[in-house]
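Each of the next two complexes has chain A plus one more chain, namely chain B in the first and chain C in the second.
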Partner chain A sequence: MKILVTVKRVPDPESSIKVNPEGTGIVESGLKWVVNPFDEIAIEEALRIKEAQGDVEVVVVSVGVSESQEQLRTGLAMGADRAILVKADRPDTAAVAKILVKLVEKEQPTLVILGKQAIDDDSNEVGQMLAHLLGWPQATFISKLTFAGDKASVECIREVDGGMETIAFALPAIITADLRLNEPRYASLPGIMKARKKPMEEIDAASLGVDLTPRVRIKKMAPPPARTAGRKVESVDELINALQTEAKVM
Partner chain B sequence: MSNVLVYAEHAHGKLPKATAVAVTAAKKLAAISGGQAILAVLGTSVADVAQAATNLGADKVVVVDNPLLSYHLADITAAALAATAEATGSATVVFAATSKGRDIAPRLAAMIDASIASDITDVNDDGTVVRPMWAGSVMATVELTAAKKVVSVRATAFDAASGAGAPIENLSVTIAAPAKAMKFGSLEETKSDRPVLTEAARVVAGGRGLKSAESFKTVLEPLCDALGAAMGASRAAVDAGYVPNDLQVGQTGKVVAPTLYIAVGISGAIQHLAGMKDSKVIVAINKDAEAPVFQVADFGLVADLFQAVPEMTEKVKALAK
Partner chain C sequence: MPKNSLIDFDSTKPNSPFYNESHRQWRDSLRRWLAKEIAPYVEEWEEAEEFPLSLYKKASEFGLSRLNYPEQYGGLDSGFDRFHAIVTAEETSQIGAGGIFASLLVHGIGLPPIIALGTQEMKERIAPAVLTGDKRICLGITEPDAGSDVANIKTRAERDGDDFIVRGSKMFITGGMRADYMTTAVRTGGPGMSGISLLLIELDRPGVARTKLKKQGWWASDTAAVYLDEVRVPVSNLIGPENQGFLGIVLNFNGERLAMAASAVGYARTCLVEAARYAQERQTFGKRLADHQVIRHKIAEMQRQVNATQAYLEICAWRVQEGESPIADLALLKVQATLTMEFCAREAMQVFGGAGYLRGNKVERIYREVRVNAIGGGSEEIMRDLAARQMGL
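Showing the complex of A and B:
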């Protein structure tokens, strides 16, 4: 079995993000770049399937700038077998989905695991789009994945608004990882050494013959309305009094 | 002139407030495109839901009664909505940005080759929409360039629409059942007598500071009940198994904006603030005076929660008497 895992290069979630003065993007200088946290979970899940089932190849793919190689190397260091970088200039979610279709057609994986959302654009779209474009079933926001005995179908538990939903389907399929699917491993030192020798293929998005015209255009970026700190209260009595008389919410 | 279709989410015969909020955004979009806002109720035996839907301020309610839609799996629901949009002359489809809406909307967008914007917080007069990015650190104004458009709407960003008397029309559309279908197994619902987290006027949320599932029960729950509040939680509390996942508030959990939000034992990471910083009044109870949550709190109490919360519960109860 082959599993394709998508990996997006994003700013470290701990970093403080500021809009540039022109309102055209964020200030990128000084940012630390990492694997999108949900994609780390996706990689981990693929590795666990490989460890449980043996004959599994895990291919990590990223769409974006050349530097995304660093994030793919992280995936390889965690244990993925090879990597593919598709170079593209700020593709929107529709473009990423269309590029991934081409990779799926070429690689013929049984399963594609994506993150639930990229923590930069917070779109939460690519997996669902890819599922439709391939005509495959989708299980988004999953917290548990179980293979049937014959490994031809899976059962997924999804984190939904009201609780937990279980759905099932035959493979191939798309799944998107939620936070509690697993706890991703750290790359080990030997893992990092080995990753250097693992294959990394580079493809130019333009060579794939997909329409990359953006379907959404960001016209402007602005900081959110600021919320200013209020004041400290000294006691529970003062708090209740403030909520009653000042804030008038009690 | 083109219409705007709104996906009516429903469970147990009820429509969530999030759908009424989506109608408000849809009406703004419909005013721009010069069309109607049409609410689509999909399912089997949905007469009650359809009736309730007539009170949400839409121009019309269309009902698609089809056994394939007894449960709203993404593949079949997207197919049904594509057909319904076509039949009603709707170039735009609007969802509530709930887990269901966010599951289905992008699939539909790919199906009808639409531009999509998820979790929008505003609609401008020129048809551009606003959406948060980077956990709300950035508000982006986005132009949807394709002829067809799909948006999902953040439930805290608009008022809920209302207005009785929308006519009901039964629609029969052909739904292309997917070849490789998804199969519904079960839904394990979190049961609670408290208000729904995303609709409550008051929310009391607990974090890692609570230290156990037990203290969510013995310390936090009594305050929730005394205030008639819904319970929320940080990711750390959910990850630790103190409370179910559907209580998580934040960038990757639920977004809430109640009149009163009380954060107990929560440090105030940006990912948590992303889900509650639009609350009207924020209270933080934390023993660390430097906790970032105090930077957004209107009232901050530096105290040990295990003392302050029970004291507050007793005093709130006494007030009620």
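Showing the complex of A and C:
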């Protein structure tokens, strides 16, 4: 079996993010970049399937700038077998999904695992678009994945607004990982050393024959308003009144 | 008013040609592991003067305690170099609680003599169990009346058939309270260096008693006085040839000094970072501490000393990696590093003022750990003397 796992390079959620003065994006110099945390969960799930079933190849894929190699190497250090980098300059979600379709056609995986969303733009779209374009079953926001005995189908538990939903479907399929699916491992030093020798293929997005024209345009980016100081109230009545009429939370 | 800026461990550390992607990834992975498994519990373990034994198991599973040991015994040594060791020392030092790592990684001085000089049976019996975190091994050299003057140790091992009968005591033994084994320097021959052997002593043998020692710092570390009262140990527990124990003892020195220097620089930089952060937050006389020239200069001075020492450290590490054994420079590097740590701990405490005198912060803990670094593993005085001799004075 082959599993394709997506890996996105995103700013470290612990770094301080600033919007550039032109309002066109964030200030990228000096930022630390990491693997999108939901993608780490996706990698971990693929590795656990590999450990449980044995004959599984885990391929990590990133669509983005050359530096995304660093994040792919982290995936390889965790235990993935090889990596593919599709070089593309800030593709939107539709373009990423179309690129992934080409990779799926080429690689013929049984399962594609994505993080449910990337923590930079929180779009939460690529998994769903990919499933639609391929016409494959999908399970998004999953917190548990179980293979059927014949390994031809899976059962997933999804986290939905009302609680948990259990769905079963035949492979091949697309799943997107939610926070509680697993706790990702740390790359060990031997893993890091081995990762240096694992294959990493680079593909130019333009060579895939995909329409990369952006469907989404960022018109303006602005930081959220700065927090203002609180105010002291004289009585409980005044507090309730303020919560009702000003904050409108009651 | 000047704006606060993010001054952290990485931003104060100069770029250097010795690190590649594997070092950066190791730093990242280790930092995350430490943040999850150790940082949240530091205060609790320090006050309890102990950390859970399960941490040995966790450190092995993650790989931290298996680094730089042969893979045949469960270690991880492929591709490991001195700069991974520096990264490890820097990241662990940022936790600001050296006692945890002193005990957690104490096999770093107890196990290498066995791996280098022990019998095959001994290696297979001891090393895998220690590297999985199931057993612990400490090093017993120092005695109430002998420390760096190893040649004067008094603990005797007398032959009795196929056994030795060991009488004596060992002092300041890091990890000694909870260790299963002690790599022990004993006198098997005449006076002086040529009468000393290394002997593996299982600490559950009859006649072994231990007392926990209270310390200025390193509270979470279990430091012991170990008493050996007619302890019967088989001759087959000899580590290396009889009366040639000094070989095994010096074997540790270069690696230990480099690692201690790297940690001391790490502690110094942690003090610098903590002071810079606090100086930007704390307001006095209507402005930030950082806007007072006396305070600004303290921080710049710390940065100067830390980065100069860092450069010395990295050059020494590179020389060792290239196969040199720069004994004098490693001794002087340790002095340079602990003096820098002492300076930065002092200055950071001054910046923190009263807040630094309260328990429960890194600077206060590091301040209490200066002396164990400046004295342990060879005091500054011994190091300078060694360097002078090596220089041919």
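Definition applied: the second predicted complex is superposed on the first by the 229 of 250 C-alpha atoms of A that agree within 3 Å, B and C clash if a C-alpha of one lies under 4 Å from a C-alpha of the other, contacts with A are read in each partner's own complex, and residues count from 1 in each chain.
Just so we're on the same page, contacts are C-beta pairs under 8 Å (C-beta built on N, C-alpha and C of every residue); 3 or more make two chains touch, one makes a residue touch a chain.
Quick caveat: nothing in here was measured; it's all calculated off a predicted structure.
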When chain B and chain C are modelled together on chain A, clash or fit: fit
Considering only touches as defined above, state whether A:Phe169 meets chain B (first), chain C (second), both or neither. first
Who does A:Ala229 touch here: chain B (first), chain C (second), both, or neither? first
Is it chain B or chain C that touches the larger share of residues in chain A? B
Once both complexes are placed on the shared chain, angle at chain A toward chain B and chain C, C-alpha, multiple of 10 degrees: 120
In the superposed arrangement, which partner chain does A:Arg196 touch: chain B (first), chain C (second), both, or neither? second
If we overlay the two complexes on their shared chain A, which of chain B and chain C does A:Ala148 touch? Say first, second, both or neither. neither
After superposition on the shared chain, which partner residues are touched by A:Ala187: those of chain B (first), chain C (second), both, or neither? second
Counting only touches as set out at the top, which of chain B and chain C does A:Ala206 meet: first, second, both, neither? neither
Can you give the closest approach of chain B to chain C, taken over C-alpha atoms and in whole Å, for the superposition? 11
Shared contact residues on chain A for chain B and chain C? 16
Complex interface listing, chain C residues touching chain A: 6, 10, 21-22, 25-26, 28-30, 32-33, 62-63, 67, 76, 78-80, 84
Which of the residues in chain B come into contact with chain A in the complex? 11, 73-75, 78, 98-100, 102-111, 114-119, 128, 131-146, 178-190, 198, 202, 227, 235, 238-239, 244-246, 251-252, 254, 259-260, 270-271, 277, 280-283, 289, 294-303, 308, 311-312, 315-316, 319
Going by the contact rule at the top, pick out the chain A residues touching chain C in the complex. 16, 32, 34, 70, 73-74, 77, 186-190, 192-193, 195-196
Okay, in this complex, where on chain A does chain B touch? 11, 13, 16-19, 26, 93-94, 97, 116-117, 119-133, 135-141, 143, 155, 158-170, 172-173, 178-180, 214-224, 227, 229-233, 235-237, 239-240, 242-243, 247, 249-250
